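Each of the next two complexes has subunit A plus one more chain, namely subunit B in the first and subunit C in the second.
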Partner chain A sequence: MSDTGSESEIEEATEHTALMDGHIAEARPDREIAERIARKRKTKSDNQQSYGSVERTEGGASGAAGTSASNPPPPQPPADAQIEELELKYGARHVIKLFVPVTLCMLVVVATISSINFYSVKDVYLAYTPFHEESPYAVTKVWNALANSMILLSVIALMTVLLIVLYKKRCYKIIHGWLILSSLMLLFLFSYLYIEEALRAYNIPMDYITLVFVMWNFGGMGMIVIHWKGPLRLQQAYLIFIAALMALVFIKYLPEWTTWAVLAVISIWDLIAVLTPKGPLRILVETAQERNEPIFPALIYSSTVMYCLAATTPPPPGEPRARELRPLHPHGRGTADERRAARESGGAGDAAGFDAAWQARAQQQRRLRVDSSQPPRYTTRLERSPAPAQQPALDDEEKGVKLGLGDFIFYSVLVGKASSYGDWNTTLACFVAILIGLCLTLLLLAILKKALPALPISITFGLIFYFATRCVVKPFADALAAEQVFI
Partner chain B sequence: MTLAEFFSCSLLAFGAPLVMFSLTVANDPVRIIIMIAAAFGWLLSFLLSSLVWYAVVPLRSYLAFGMVFAVIFQEGFRYGMYLLLRKTEEGLKEISENHNIGSNKLEMAYVSGLGFGTMSGAFALVNVLADSVGPGTLGLHNGTEYFFVTSAAMTLCMILLNTFWSVIFFSGFDDKNYLKVGWVILSHFFVSGLSLLNSRELYAATIIPSYIVLLITAYIAFRSAGGSTAKLVQSLTSRS
Partner chain C sequence: MDLTRLPNDKKLQLCRWYFKVGCLLLPFVWAVNAVWFFKEAFMKPPYDEQKQIKKYVVMSATGAAVWVAALAVWVTVFQLQRVAWGPTGDSLSFIVPLGRA
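So, the complex of A and B:
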């Protein structure tokens, strides 16, 4: 199993390269690559052309890059090396395609944390974290945090397994219902809480009629955009906002040290789930590959959507246009849709499962419940999309690097948590550390060419820099700033 | 009032770097990555220097001590960035869509210098800026009312200096012209040392010489990058 799995992964990787070739083909016509494309790709040469032209248009738009396409190619390395480099090149642009949404998500969270007090005040906690770290003793706190994070982790693992079982049994209806339910909850309940707190923080009075009207439009639009269709930008905006909301919920409802413990534990779990031969996420990927399906687009933010977007924005000259657009729509819709759905479904499932159990508890539970929705979604993984090989229709879109929405959430949790202490240097350090971690992960992705967990490197860097900055760097930086010494 | 101060200070400090970023860096993914890598490099150097400062407890109150190490570590990491970029230069050229990217060797130097400087400027000023929003302000009871403005001005100076220093530093190592490297290190020590006077509120004595050093450094960087007066004039006139 694992053998075939890795084989198919390699296969896909090559496929990817081939796909990649599409858009640079014009710049460097390499025979091998051309052959590859011809062999592997059903889509005709017009497709390549279109990509080439898109590239060029993009370059032109960016000014400095203007001459890229027409530039004489540098000395041609052997084909292998070239493919390597194609992989990498593929990376460079997509790194940024991932940076932008990740940054936006963090920005929303940090802005919210620093302007709305509600999210940094600890009063109620998740049902999954029964230990509230109220003891003054450090040992007890550590113990509490570890116990909490373990409980949360097992819930997450359980939900992941449940999801995989459902997927294996092809209970798509249930999964979809789950997803829709959770997206419903997120879009209405959490958004309502968010708006309420925002209004309160800024002391803006608003009547319920207006609020209901706004919420109905916002939530209804969100459901349509996520599960059916809508402009890509809007979809992405909704996805980012939802990820930010989830991150805020985590920050609000997890006890102080539990948050850090959870971040650490989750990144280790991510490592295990993606890399071990029997890891649940790996099984998920492999099953999806066997079935020639995109793996749970609902759980994943794929840069391909953005790629498509980029491809469409500069109208490609002439015929290619139609081709470009067509895949875009189904994909965008499908991806966002499923992505959302999957994510939410995960959440909903959790919520539902725990609802009954925890109903007896305080009323705050509603929120807590919602939190639970997150675990499944955390199924975050950075991977070279496995789908393209099998899905000719989705080929174009599937070539992006994919980042699990859970990664968005946990990155934002880290940065948001860092910002909740009011030191901007720490926030900045964590932000840069996470981005560098993401870069390194993508570099590894280009080298190893298989699905990789995106959390471990980034979160490790983030944690190191958070604690280092908070304990050691902050006093130094503060002293320097106070004395106006510039180094 | 405080809000106005906040915006004016942040624009003073980060306006120019922001424009430089959006005009020259933001278009190119590879450059953005290099910039972030440089920022990370600066972060590491700062972390190391704070560790040294933190570890040597008796000298903690003497910022001059921490400053010396900070400068040394920064220049060390600048050299590290140089090695890293020169090693990956070929690869970077390949992965970027813009094959012109390496045509001017100092382009990378500029980008990494901007990353270096922006990060150092951000670390120096973000918290100050956050405090400047209010509700309180400086200069009513004691302290000087020029605190924010001078901080912002010095930050701008440091950001630009770091950018130019990287250009000079890289070109110095490329041409084996160690005079340039020496100038970078010396002027870094000079400007940082000068800023020690800020705590005595001798702002004229720090800011004016710092900007003079900035001008000299800018000129050297301009020459190192292959610029000349004729070319400058040409580039300005051919526009119209």
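So, the complex of A and C:
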């Protein structure tokens, strides 16, 4: 080792700051991020050639420092390493905390799809998808699907912009109105449709009085718990149910190929909206951060209570910054969620093809729907205080992972769609692929520490697994079974 | 919402609010209230507002139980008497189960 101790210390310091910068630095598309990480490592290795392996973990650095006799190992790096390790551990725990709700949501959708015919029969379509893919030719179907998904996407983008404008102008009442309207539609109208079909499928007798009573109770409690205060578990349950309901609406009312095209397009849009410097979601998040505001509770699933607290109670003046920052981030997601929710409500209205008066009303809601389409941008974020070591007491409470409801919806759409063909291998493959994608996203989150789009990795994996299983694995397995070959 | 972080007077306020809202034919809200505040009312070391919270929790629980019983009775009566009630029974029916061959 030719380096003197002081040099190594300096290097460590720069390394440290570089890492910190990394968190703050502007978001870029995943590939670029990966490249950047690689580059960072390279440069580090260049700087620290004498150290041999270029591990950036503090342990390695401190060890190197220790070798230089003159200086005692700087205290910071080990602490830093511990923090990072802690964060990763926290991340791991939260990954599992997110697995449960995502799995539950998918389970609801898959169970519904496989037991209730209504949701896999194609008869009515959303107004956003004017091309119904009725031609027998694949080429026509493909361009139909692409056109449909582009229409949907442009609606989403438009609504996003509208939302940003509203948010920038501080029209919170309008935004909240949208959210409440869309959750009302989901909780009453779509739940009504769901209950009707479920009862019909299971042949359970029901009278109107009981039905109205149950719906009123279910919806009323949902509105209270989502938009006001309520037990966290109940709120999570309602959010999961809402997401599942929305996913079912998409599965039911989007034409076959369009569904797949929409999934692909939406995940790309998610990537762009969250990570580009001028991406709409990014602007939203930044605005929210500037204003230090809590998120709209209706739009985000959070694994811990803190979010609720942050949202419901104005931050005390003396409170540390870390806390204030978090709520802001959620905001960005929240808007996305809202849009989704709006979308859901709007989409459902169109899809259901109700009478003219209803449709006229629905037109207003369409905008909402569009908004909701934005949800795809929901970002998963691990909330952390910037300087966890400084406020350990607060840390525990504040850490948590938030996942936009839109993520839930599109994950479930993919798995539900896969299950609608009745092949359990494909369904399981998609399910596993999405969970792996979620893991990777959360890992990236722990590394990059900023809002990330949760759709791209998961949906890409899901699509690959779906088509691979359906076109390659299944025929192969069938052939093996037919020939009685056991591997 | 995390109850443990709320000051006691807010807890009482929340519990009372839930009870009042439950009066709007929303026994589900009562049930949630009873479960949610059960620990506050019976398991926590005593504090000033606890007595009132206890009162609301008990009232919510009984109210919800009464509603459930009433609903069960109504459903049973309706399903047993639907045919006897003729057209009234039919118009009240949302789903009439199909027979199986």
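We take it that the second predicted complex is superposed on the first by the 302 of 487 C-alpha atoms of A that agree within 3 Å, B and C clash if a C-alpha of one lies under 4 Å from a C-alpha of the other, contacts with A are read in each partner's own complex, and residues count from 1 in each chain.
Methods note: contacts are C-beta pairs under 8 Å (C-beta built on N, C-alpha and C of every residue); 3 or more make two chains touch, one makes a residue touch a chain.
Values in this document were obtained by computation on a predicted structure and should not be read as measured data.
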| item | value |
| --- | --- |
| First, second, both or neither for A:123, with subunit B first and subunit C second | neither |
| Which superposed partner A:204 touches (first subunit B, second subunit C, both, neither) | second |
| Partner with the higher number of touched subunit A residues, subunit C or subunit B | B |
| Which of subunit B and subunit C A:218 touches, first, second, both or neither | second |
| Those residues of subunit A which subunit B touches in one complex and subunit C touches in the other | none |
| For the subunit A and subunit C complex, residues of the former touching the latter | 196, 199-200, 203-211, 213, 216-218, 220-221, 224-225, 229-232, 234-235, 305, 308-309, 312 |
| Of subunit A, residues touching subunit B in the complex | 24, 27, 55, 58-59, 62-65, 67-68, 71, 73-74, 85, 88-89, 91-93, 95-96, 99, 422-425, 428-429, 432-433, 435-436, 439, 465, 468-469, 472-473, 475-481, 483-487 |
| Interfacial residue positions of subunit C with respect to subunit A in the complex | 1-2, 5, 14, 21, 24-29, 32, 35-36, 71, 74-75, 78-79, 82, 92-98 |
| Subunit A contact footprint on subunit B (complex, rising order) | 24, 27-30, 32-33, 36-37, 39-40, 43, 46-47, 49-51, 53-54, 63, 66-67, 70-71, 74, 91, 93-100, 119-120, 122-128, 130, 147, 150-151, 154-155, 157-158, 191-192, 195-196, 198-199 |
